[in-house]
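Both complexes shown next keep chain A, but they swap its partner, so chain B is in the first and chain C is in the second.
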Partner chain A sequence: MSMVKYILKRLLMLIPVMVGISLFIYLVLSLAPGDPARMILGMDALPEDIEALREELGLNKPLLIRYGLYMWDALHGDFGTSWYQRFDVASEFFHRLPNTFWLAFIANAFSIIIGIPVGIIAAVRHNKPADYVVTFFSLLLCSAPGFWLGMLAQLLFCIRLGWLPSSGVGSFAHFILPALTMGGGIIAINMRTTRTWLLDSIRSDYVRTARAKGAREGRVIVHHAMRNSMLPVITGLGMNFAACMAGTAVTETVFAIPGIGSFITTGVKTKDIPIVLCSVIIIALMVGLVNLIVDIIYAVVDPRVKLGS
Partner chain B sequence: MKKKIALILALGMLAGSIAGCGNPGGQDTGDSSGAGDNRTSEKTGSNSEGNNESTPAASSKDTVVIATAVEPIYFFMQQEPATAASLGQDAIVLYNIYDYLFNLDESGALEPSIGLEYTIENDGLTYVVKIRDDAYFTNGDKVTAEDVAFSYNLVFENIPANARGLLTGLESAEARDETTVQFNMSTKFAAFPNCWTTRAAPIISKTYYEEVGADGYQAAPLGSGPYTLGEVVSGESLTMHANEDYWGGAPAIKNVIVRPISNVNTQFVALQSGEVDVILNANLASCLQLDPNVASWAYCDSATRALMLMQSNPASGSQMVDENLRKAIACCVNREDLVIGVCEGYGSPSWYDTVPSYLGAPALEDCTLAAEYDLDKAKEYLEASNYDGSPLSIYCNSGSRAEQAANIIQGAMIAAGINAEVKAVDGGTSSAAMASGEYDMLIAESTGSQFDTGCLGNIYTTPSFAQMMSDEAFAWMDEKIQAQRQETDPEARKALTAEILSYMNENTISVPLYLPAATIAFNKDLKGVVAHPQTITHLQDWSW
Partner chain C sequence: MKKQITEKNTCKKSSQLKMIVKRFGKNRLSIIGMVIILILVAAIALAPLYCSYDKVIQQSLSQRFLSPSAEHFFGTDQYGRDLFARIVYGGRISLFCGLVTIGIAFVAGMVLGCAAGFFGGMTDTIIMRFCDVLMAIPGLLLAMAIVSALGQGIGNMLIALSISQIPREARTARSCVMTLRNQEYIEAAKTCGTSRFRIIWRHIVPNILGPMIIDVMMGLGSTILRIASLGFLGIGIASPTPEWGTIISENQINIRYYPYLGIIPGLFIMITVLSFNFIGDGLRDALDPKMKN
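Take a look at the complex of A and B:
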């Protein structure tokens, strides 16, 4: 019962978060230089045409009234129509969402499949060659900008080797390079986090006790040390997934993936407020839900964590 | 041990760098710093040798994949004509699924399409066009004069006032008989025949429009062009299929896929890896690096010109009102540097504010040209001015060619003793600055709506430009431009145009900078590809 209460409480807490984020974005976009009506009609538009379009878009109303009206419509599922492209922004968002989701999912999957085992190896082989190699590559991946890594990967895998497509979507192969590019930094973070926390656990008394009792090394690492060291890693996974969902703009641009990152970028560039607000509200909601799920997993992994208490 | 590990890691990094940065396929790219031996044209726009020998695989292909920087959006111009949102990106679809009354060839001349010939009546206030009687919409309906008249009347009803330059002077259109259309003008406009080629008025079916309405037309456009629109996946791709019954003959390329790829590097990786076959508006610097065994590129003079607007309206409060200061700045423009630095050496210097290949453009020797680069003279003008040394802003769009130009000009201005600040901003900020007149200088690239000097009036008689000139200058320009638009005698029109362009240079109203090239990059096996000044592509001319 306390778990249900906790979830309800967290869901209610999302409401002020949504209002805060959407109001902030709305104000920033509305107060930034540039009249959307003039941008749509062009530099040489006549004042009467601009005025007519401003009226049509509701730009002549006071700022907070406009925001309120938008949010009221949004609550009823109407996130508006793109000022430039005239499509329903929510439909377009959900049309593009799977591409971003798969990109974020595969990038995180790579970070788990590669980052965590390699981090474990580094911790177990502490101060040995394997640890040095892992440390070196994690620093390399952390410090390499995603777009640079992506462009090098395109040259190598698309032109020179011809193994993978350089752009677009349509198959799993299309996502490999973008996911590795975007996941490079997360792989490195997972390697470092796993290594650090596992080392901390390995040095703990309960691990020493387990060894003293004659438990096999593999069992000591997997069942005793790892379980405790995984909490910060799981926290990181949630944060990383959220960051991936909201931070795909560069990768999507480099690999020409029609996802929500490039969608938001287009909206910001053209001051197309319905596109940006719709995207931000839905992403914020998803991030809030992902964090809630992570907290629930927390409680499952660590019995000491009591949700709602 | 640590040294060994360090050595292994260093070797690994070196091997990775070599693998990643090496020449694709181990092929020799030849000289990439100069003219580039893989291009197929010498500023003519004609595709010549270099792509004549196609591979067996190429000859069996019937699909072309085209990369564009921006996704085509509007397929029904009568509903959404000529807003800033519907610019060149739609041309690849519009000019291929629809027929236009006439087409503009690579030299800027009109060539027959649905329209076969035209005559001028009523002292230039009536144009009569004879149309072909063997053209059909892809639903089987015949294209009639009534469809043509309806197409123009509908676009004229919906077109925003600022875009009326696309159909300047038009009042209405009517069908005289099944194959004759009459255009009635409210005022004379000598460049009107050029309007028949602009993207604003494709020929649509009146019957189909009445059946499906504007939204239905946008969703499923019906034209009489060489292609029909197939599947459109937003943000991903757009497909066109050949119209086998096209009056001009069935196109050799049966399927065309248009893919939006905004990143220049990705466009060229996709071209070299064979994922795309053509890049529209290809980046010049990247064209020079293309592997000639895989791809070619072509270029020609574009219909675009770059200019620097100079704030000279006394109401603005800008120091630029001082004519000597404006002249000093004009002397700081080194056009050779701009052509090399901005256009990779493939553009031309611009000496007056129009494109010399436009119809009706006067000869350079008949005009007062822009000041040549001369820092000593700039200093003399500066000495004679009241310039107080405070910073002068040069607005430009961030990341554009205009920003590169602004940086080059800024360097020269600083050398002359003028404190110049480059303000590279987003489109919204620059349009706000332009609308309010709150700038000292603003660099922009402008493409004429018509391939004709008649389009001067689309810019210099609009409210935004009234903000940058004195009332006296604006009134003079307005009067002369209206006269130039209505003058039908070619020589008299050229003389008027020369007078306007000279006035602009003499009073430093704007400073012409450079004329960029129009480019297209393509698979070397693709035939018939040519660069077009307005980036118009006629896909029925292409084949493998």
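Take a look at the complex of A and C:
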């Protein structure tokens, strides 16, 4: 099966999942107690006004029809209006998206640039002090709450030392600490995956053969062992992206970044359902697309993988 | 004759348990984790004996921002509340919520996973597609969305966190059941006319408990982190009820001048999660010796 066919097939398979996600989230969020129209207009609103707004928001229609209408509009780029601030949810979302996108991109870049080499060092120095230090730190990074690490880093580097700006966006320097905060967990994951699988390939027969025929140690590691051990790391990239997206809310809160995470947090706190609905659906779509891209990369890198089978 | 057989069985069972305990005991880190958790649980459970709840909520303007001392082990916060008392009682909530969430996810995941794996066909398709849908949304975001629908509060937060954890457990259970389903002893049980419920309960569940417990231990750490994150964002457990994440969030504006207010509760979260991860690692090695070889 050719690549184009495979991609089309995967895109088609994404459709039912997206319908499922949007339906689930829509139904759950419609369970929210209280009449939205009354909540928007306040407690002393006139019944006629409430009724008019209910009609305008389409609240008088059956649930499934409302869902259908919502999705029809959503497919045309209209995710409704914020209940309390009356702005267009989709345009606000895409206005904020670049901040979160760059944050996630830099976080993933850090996880690759830092995580993989450090993991290689740990594997090559297996059961030596360097290995223990790396393993210990990766465990610490996995176990500490991201927002806490971010706050401590902010305290040290921004307030005490004054090296980096403490909040907001604008330059690359603004993104360094937030990206490290968001990426702390995935840096640790990349370290561990690289270490585990590199150790696995170092012990295998073809590496012994490579050594036996006299290849230098550096070449054995980079050329022979690394190639196979990178596959699980690539597989993990999709999950790492999802982890980043889950971490946006706390990271953006700590560093006061106007991105999607803080958008959702505001939506949840003020019970502005259209914000939550729009954000969750688009993020799920993004996670699905990233996973598709990761699978394509995987298939390109590993010739054993047959597309579509 | 029958008695002899049962005796033999119990004998074998206990020896396997002994082997697991022995293997677990060899792992130094998991023993350290276990000891830390036991101390923590004891300290939290016995809290009313050495520290009254009044200290947690009592505000006192003259006692604001006291540094850690003999009287206030971890100092006091902006309202003059004792941080030590808040962390001890906060631990009760953090650990309790973590355990309840993971307990619900464990039971529900086991039931769904067994049903999907054992019956296959339509049951499997429906359950697994539903899990796929839930897993496509990053866990914390799903929990946030559900909280926004149900409203804030401990109960709703527990439901939200469980729902985002169930698919993971269901998947683990299902994949374990799938490998067991066609084993000969299951076939033998079927041939004997054993009811399907009994096969699942007596022959499948005990064999998937191992991987499930490992999964749950690993999930416990991440669930405690999620509870703290929700608390920090102000959509989990609301102040003044103490919870580790909520405590950090309350003190966020003051850590600039009083760093201990932010550092200490975070350390508690980190050490707890780390300990659960150690225990999980140790259990994995102890329950599944094949994986090590």
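Note that in this section the second predicted complex is superposed on the first by the 290 of 309 C-alpha atoms of A that agree within 3 Å, B and C clash if a C-alpha of one lies under 4 Å from a C-alpha of the other, contacts with A are read in each partner's own complex, and residues count from 1 in each chain.
Heads up, the rule we're going with is that a residue touches a chain if its C-beta (ideal position, glycine included) is under 8 Å from a C-beta of that chain, and two chains touch if they have at least 3 such contacts.
As the structure is a computational prediction, the values presented were derived from the model and not from experiment.
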item	value
Touched partner set for A:114, first chain B, second chain C, both or neither	neither
Which of chain B and chain C A:167 touches, first, second, both or neither	first
First, second, both or neither for A:96, with chain B first and chain C second	first
Which of chain B and chain C A:292 touches, first, second, both or neither	neither
Which superposed partner A:237 touches (first chain B, second chain C, both, neither)	neither
Touching partner for A:283 - first (chain B), second (chain C), both, neither	second
Which superposed partner A:151 touches (first chain B, second chain C, both, neither)	both
First (chain B), second (chain C), both or neither touched by A:182	neither
Partner chain(s) touched by A:57 [first = chain B, second = chain C, both, neither]	neither
Touching both chain C and chain B, counted on chain A across the two superposed complexes	32-33, 151-152, 155, 159, 253, 269, 271
Residue ranges of chain C touching chain A (in the complex, touch as defined)	129-130, 132-134, 136-142, 144-151, 221, 225, 228-229, 232-235, 245, 248, 252, 255-256, 259, 262-263, 266, 269-271, 273-274, 277-278
Chain B-facing residues of chain A, complex	32-36, 38-49, 84-87, 92, 95-96, 129, 132-133, 136, 151-156, 158-160, 162, 165-169, 253-256, 258, 262-263, 269-271
Contact set on chain B toward chain A in their complex	1-2, 5, 9, 19-22, 24-25, 73, 80, 82-85, 160-163, 165, 233-237, 259-263, 265-266, 269-270, 272-273, 275, 425-429, 431-435, 444, 458-459, 462-465
Touching residues on chain A, where the partner in the complex is chain C	16-17, 20-21, 24-25, 28-33, 139-140, 142-148, 151-152, 155, 159, 242-243, 245-247, 249-250, 253, 264-265, 267-269, 271, 273, 276, 279-280, 283-284, 287-288
